[in-house]
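Okay, so chain A shows up in both of these, paired with chain B first and chain C after.
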Partner chain A sequence: MTDHTEMLKQERNTPWRVELRNSVPGKDRIAIERVKMNEVEPLERIKSQTCEVNCGLTPEQALHEARRCMDCVNPTCIEGCPVSINIPKFVKQIEAGKFLDAAATLKEFSALPAVCGRVCPQEKQCELKCFYSEKMNKEPVAIGYLERFAADYERLSGKIQIPKVEERNGIKVAAIGSGPSSLSFAGDMIKLGYEVTVFEALHEIGGVLKYGIPEFRLPNSVVDVELENLKEMGVNFEKNFVVGRTASFDDLKELGYKAFFIGSGAGLPNFMNIPGENLNGVMSSNEYLTRVNLMYANQSDSDTPIMLGKRVAVVGGGNTAMDAVRTSKRLGAERSLIVYRRSREEMPARLEEVKHAEEEGIEFMNLANPVEYMPNAEGRVAKARFQRMKLGEPDASGRRKPVAIEGDIFDIDVDLVIVAIGVSPNPLIPACLPGLKISRWGTIEVNEETMQSSIPEIFAGGDIVRGGATVILAMGDGRKAAASMHRYLQEKQKK
Partner chain B sequence: MNKIVEKYKLSESVFKFIVEAPMIAKSRKPGNFVILRIGDRGERIPLTIVDSDTEKGTITLIVQNVGVSSSKFCQLEAGELITDLVGPLGKATHIYKAGTILALGGGVGIAPLYPIVEAFKKAGNRVITVLAARNKELLILENEMRQWSDEVIVMTDDGSSGRKGLVTEGAEEVIKREKVDECVAIGPAIMMKFCAQLTKKYEVPTQVSLNTIMVDGTGMCGACRVTVNGETKFTCIDGPEFNAHQVDFDEMLQRLRAYKSEEDQARNKK
Partner chain C sequence: MTSLKTRFFGLELKNPLIIASSSLTADAGKIREFSENGAGAIVLKSVFEEEIINEYNQIAQTKTSAHFEEFLDYFDYKIREQVLASYGQLIRDAKSVSEAPIIASINCVSTGDWLQFASQVQDAGADAIELNLFVMPCDPLKTAEDQRRFYLAAVREVVDRVNIPVTVKISSYFSDLASVCNALAGEKLSGITMFNRFANPDIDIEKEKLVEAQPFSNDSEHLLPLRWVGILSPRLGCPIAASTGIYTGEQVIKMLLAGANAVQMASVFYKKGPAHLTVIIKDLEHWMQKKGYESIEDFRGRLSLTKAADPSMYSRAQYLSSFGGYAGSERK
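Up next, the complex of A and B:
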């Protein structure tokens, strides 16, 4: 038995957990219905880009939901979590009414619990592995809702606990990019006593949490509190700084930086290279969302312009496509359409986002793929031509491959097309490091166990390694990189 | 925040700023640009770095007052702060000893041309520079250009300075007169389009520096895409300089007008 499972077992056998477990019979727990998230009505929420859709659980609802958890001998839910949060522990702390303790448990494992409670695809992770999903064919414990509840409770209580940090050891390390992987890395390294600086190219800290995910899903104020906590712990943030350009890696080494974590993300939007794609009114989801989320282009006091559409088609089936299409609705589109080349079942977006989009009147055009865009007299996109698809044999990803239905082509009137078909790694930083091993997809090659690159003092994680994944996987990488960079630097000190 | 150290008026609508940015001053190369923002609801605007002083830790920026954002910048005075400034961005110009360089600058495009002329001269090339503006008042950096050029030909639309005519006329004269090994043209998109047509006719390899719309300037958004040799490129990270004979200028001109109605509205509002 590993130390980790032994530790989980010991925790499970602490008297308060045993007592709590025995206080309600298992069959009574199983009989409880899963809680429903409180939401703002669709017609109300689409009036504002900043109105958060989910309102969170009340303490009563949280207590009720936490009671459903069986506190299993073998907590499979933890296996589903990329950062291995001790899920039963925090859920049982909620059931015991110790909400601040629950928040503290979360923070032992995750630098951004309020964020993860909102944006993680729980249905594919912890909740998929829940006893209820695996063994009972029932709805899983709402672990994501409970995570959000504990983190929000702590934030709103005004009793935010700043995790303890070791005494400063004087060793300088840098994180490049300020998205989830870097923040998680920075949080762990500052706890270990390092002098941590996070370098960000944009004028705002937070990476995709700020420029990408809209406020109706993740309010900036929630992200800002997490950033404040890191600052309190001693993390230093440098905005408007492109490592490799503003200063080279060698310059930073001269300034005393001993090791680097690259978490610069997969910033480069993919296009399909079809005719008309460079027309005005066709843009990447990154551009559209950055204009709105980072530049506030939808607000009258912003100097950044935005193209509004009445008939908007968003190409793609992921979370970013959902974010873009729902944003277009909030900015006044009459018709907002998702165009996805596979069927609903294969959509990579979180279930909740698809559900919310549907409630908000988003149309779903599945099994269709754009082949051409056509302009009006002013050169702006006016029509999109689509190819009808059907599902064929499964491809390398295991999903059934979309194939064109010969001759089945149709046109739709559009005045804005947003391409949300994924991103590629941003070459800006790798290009500054000759000798850094890059895959043929442009991602940085690392040892999967240590996140160390081909250059010993350089570690990497998140989308620059994965090519396009989730917030929580990026955070897991940041944690792993911090642990192994710590080992690397300690060994180097000894020599 | 970066402090403006000095400000000069070059013409009615063009201003030169010396800005504190020690690290950028040290790391910048000819052809690089910065992105800056004025105010907390400011737009991110790209500007080529014209010059730098590594000892004083400053860079030189030249901006023309043409819209809401550039006007906010032009209103700033020495001692005031630029909210955000990031760089150097974009690929640097490929500077080498080519022989004879023909440098073509139009309007405020003369500013980004300046560091390239300087660098080619320092690399041991013969540099002939053609500067064009609507009139004498709008002609900038003439004396500075003379310092790094073997010859400067000035063309104005109304003949108020140099000779009356377009940049292409001055350029064609040089190409007919002597062997030109490489041409660099920077100015309004329409000017670069005609320069490209001209040098293509005479088979003179030509670089242009494109001033497309950008948001982040680091490859993230794709607002700056252009078609070069039939392929979509991002000006911010693949450029800003491209082979002029391969750029689809008509598409670029169309894309520059993308936000025209929004910009007109904004100008009228403010």
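Up next, the complex of A and C:
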């Protein structure tokens, strides 16, 4: 039995857990229906880009939902969590009414619990591994809702607990980029006593959490509180600092930085390279969302206003596509359309996001793929030409492959097209480190166990390594990198 | 003065000897050698649609968790972008080192957006496009009509998109080969190359497993294209290039006599190197001089179906007299 498993077992056998477990018979727990998330009405919420759709659970709802958890002997839910949060412990703390303790448990494992409670695809992670999903064919315990509840409760109570940190050891380390992997890395390294500085190229800290995810899904105020916690713990943040331009790695080494974590993400949008993609009015979801979320380009007094389309087509079926299309609706589009080349069943977007989009009047044109965009007399996109698709055999990812139906082509009037088909790593950092091993896709190659790159003092994680993945996976990378950088620096000190 | 000039790929070629698409033509150094040794045209290694599909599948196998669904969703476009960027570079590199026309070769197994990239190949500077079309007809639910529809749709899609000449390289796997060629010739093509030669499976009887057969043609294989060039060259409204199993100047001459406008060769250069091209060109020149021909057109097609003294040889499929003769001679 591993130390971790033993620790979980011991915690499960603490008297308060045993008493709580025995207080409600298992069959009664199973009989409880899963709680429904409270939401703002669609017609109301589409009036504002900053109106959060999900309202969170009330304390009563949280207690009710936490009671469903069976506090399993073998908590498989933890296996589904990339940062290995002690899920039964925090859920049982909620059931016991110890909401602040639950928040503290979450912070032991995650630097961003309020964020993860909102944007993690729990249905594909911890909730998929829940006893209810695996053994009962019932709806799983709403772990994500409970995580959000505990984090929000703490934030709104004003009794924010700052995790304990070790005494400063005077060793300087840097994180490059301020997205989820870097923040997670910074949180763990500061706890271990390092002097941590996070360098961010933009004028806002938070990376994709700020520029990518709209406020109706993840309010900036929620992210800011988590950032404030890190600042309180001692993390130093430098904005408007482009590592490789403002200062080189050598400059930073001269300033005393002993090791680096690169979490600069995947900020380079992918395109389809089809005719007309360079027309005015065709843009990437990166540009569209960054300009709205970070630069407020939708506001009338913006110095660089964004095109507000009336007939908007968003190409793609992921969460970013949903964010973009729902944003367009909020910015006044009469017709907002998702164009996706597979069927709804294959869409990578979270089911909740698809449901919300449908409620908000987003149209879904599945099994269609753009092949060309045509301009009006002013050179702005006016029509999009689509190829009708059908589903073929499954590919290696297990999803059925889209196949063109020969000759089945049709046009639709559009005045704004947003391409949301994925992103690639930002090439700047790899380009200024000649000895750094990178893949042909521009991702940094690392030892998967340690996240250490071909340059020993450089570690990396998140989308710059994976090409594009979830927030929580990036956070897991940050944690793993922190642990191995700590080992690396300790070894180096001994020599 | 003997002229070897001919027309194929919608271009005037200084001679009918075309370096066929192969790994030899994926390298600018080799392309320079072929050009310096007098190639009439050089067809670059094909950019394969299947290669992109296979690469996507390999990546998908390493990223099976739900975390990567969004990443993988359109990743084939990313692979394609990179493949086409490097192909564009190959075209530019080849153009910079070759006096011979550079022909891009696009392989496809489906129609749809893949074929849009023909215009990118054009933008990169290719002098013409060879469409390398082939779907192995092993699906019992697909008819000859399905096959024909695919070929014609793919050709139309590319011809409509580009201004440079387009040719097609086909296989012999058709139940109605002459009819399909006739239909293709009606699609504004600048040539048809017959035939493509494919990787074949073989069996290792010791290990009892399937292996790849050796990749090179042998010189008896030229008789298949010889027959069809002879039959079709006078009947199609577009030029024909012969390909597969052509190793010598003598075989080149046979193809021209049967009616080919040009020939494509690859295997011989794997075995003898790019400099061997000059030997073949000289053999052709010497033969023409010996025969008193001043240009290719003086003798091209002299032994095609409509001009040969005994055209029934082309349509005869049985060995009646030949086997009889051999059997008789053995008995003596």
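Observations on the structure shown:
The criterion applied here is as follows: the second predicted complex is superposed on the first by the 494 of 495 C-alpha atoms of A that agree within 3 Å, B and C clash if a C-alpha of one lies under 4 Å from a C-alpha of the other, contacts with A are read in each partner's own complex, and residues count from 1 in each chain.
Note that a contact is a pair of C-beta atoms (placed from the backbone, for glycine too) under 8 Å apart; a residue touches a chain by one contact, two chains touch by 3 or more.
Given the structure is predicted, the values throughout are model-derived calculations rather than measurements.
Touch criterion met: A:395 reaches chain C, while chain B stays clear of it. Look at A:452: by the touch rule set out above, it reaches neither chain B nor chain C. Touch criterion met: A:273 reaches chain B and chain C at once. Once the two complexes are laid over each other on the shared chain, residue contacts for A:247 go to chain B alone; chain C is not touched.
In the superposed pair of complexes, A:122 makes contact with neither chain B nor chain C. By the document's definition of touching, neither partner reaches A:181: not chain B, not chain C. By the document's definition of touching, of the two partners only chain B reaches A:283; chain C does not. In the three-chain superposition model, chain A touches both chain B and chain C at residues 271, 273. On chain B, the positions that touch chain A within their shared complex are 23-24, 27, 37, 39, 41-44, 68-69, 72, 83-89, 215-216, 218-223, 225-227, 232, 234, 237, 251, 254-255, 257-259, 262-263, 266. Contact residues of chain C toward chain A in the complex are 53, 56-58, 60-61, 63-64, 66-75, 77-78, 80-82, 84, 110-113, 116-117, 119-120, 149-150, 153. Within the complex formed with chain B, the residues of chain A that make contact are 201-203, 211, 239-242, 245-248, 251, 267-269, 271, 273, 277-281, 283-284, 286-287, 290-291, 295-296, 299, 301-307, 379-380, 426-428.
Partner chain C is touched in their complex by these residues of chain A: 82, 121, 124-125, 270-275, 316-320, 342, 348-349, 369, 371-372, 387, 395-399, 403-404, 406-407, 421-422, 424, 440-441, 466-470, 472-473.
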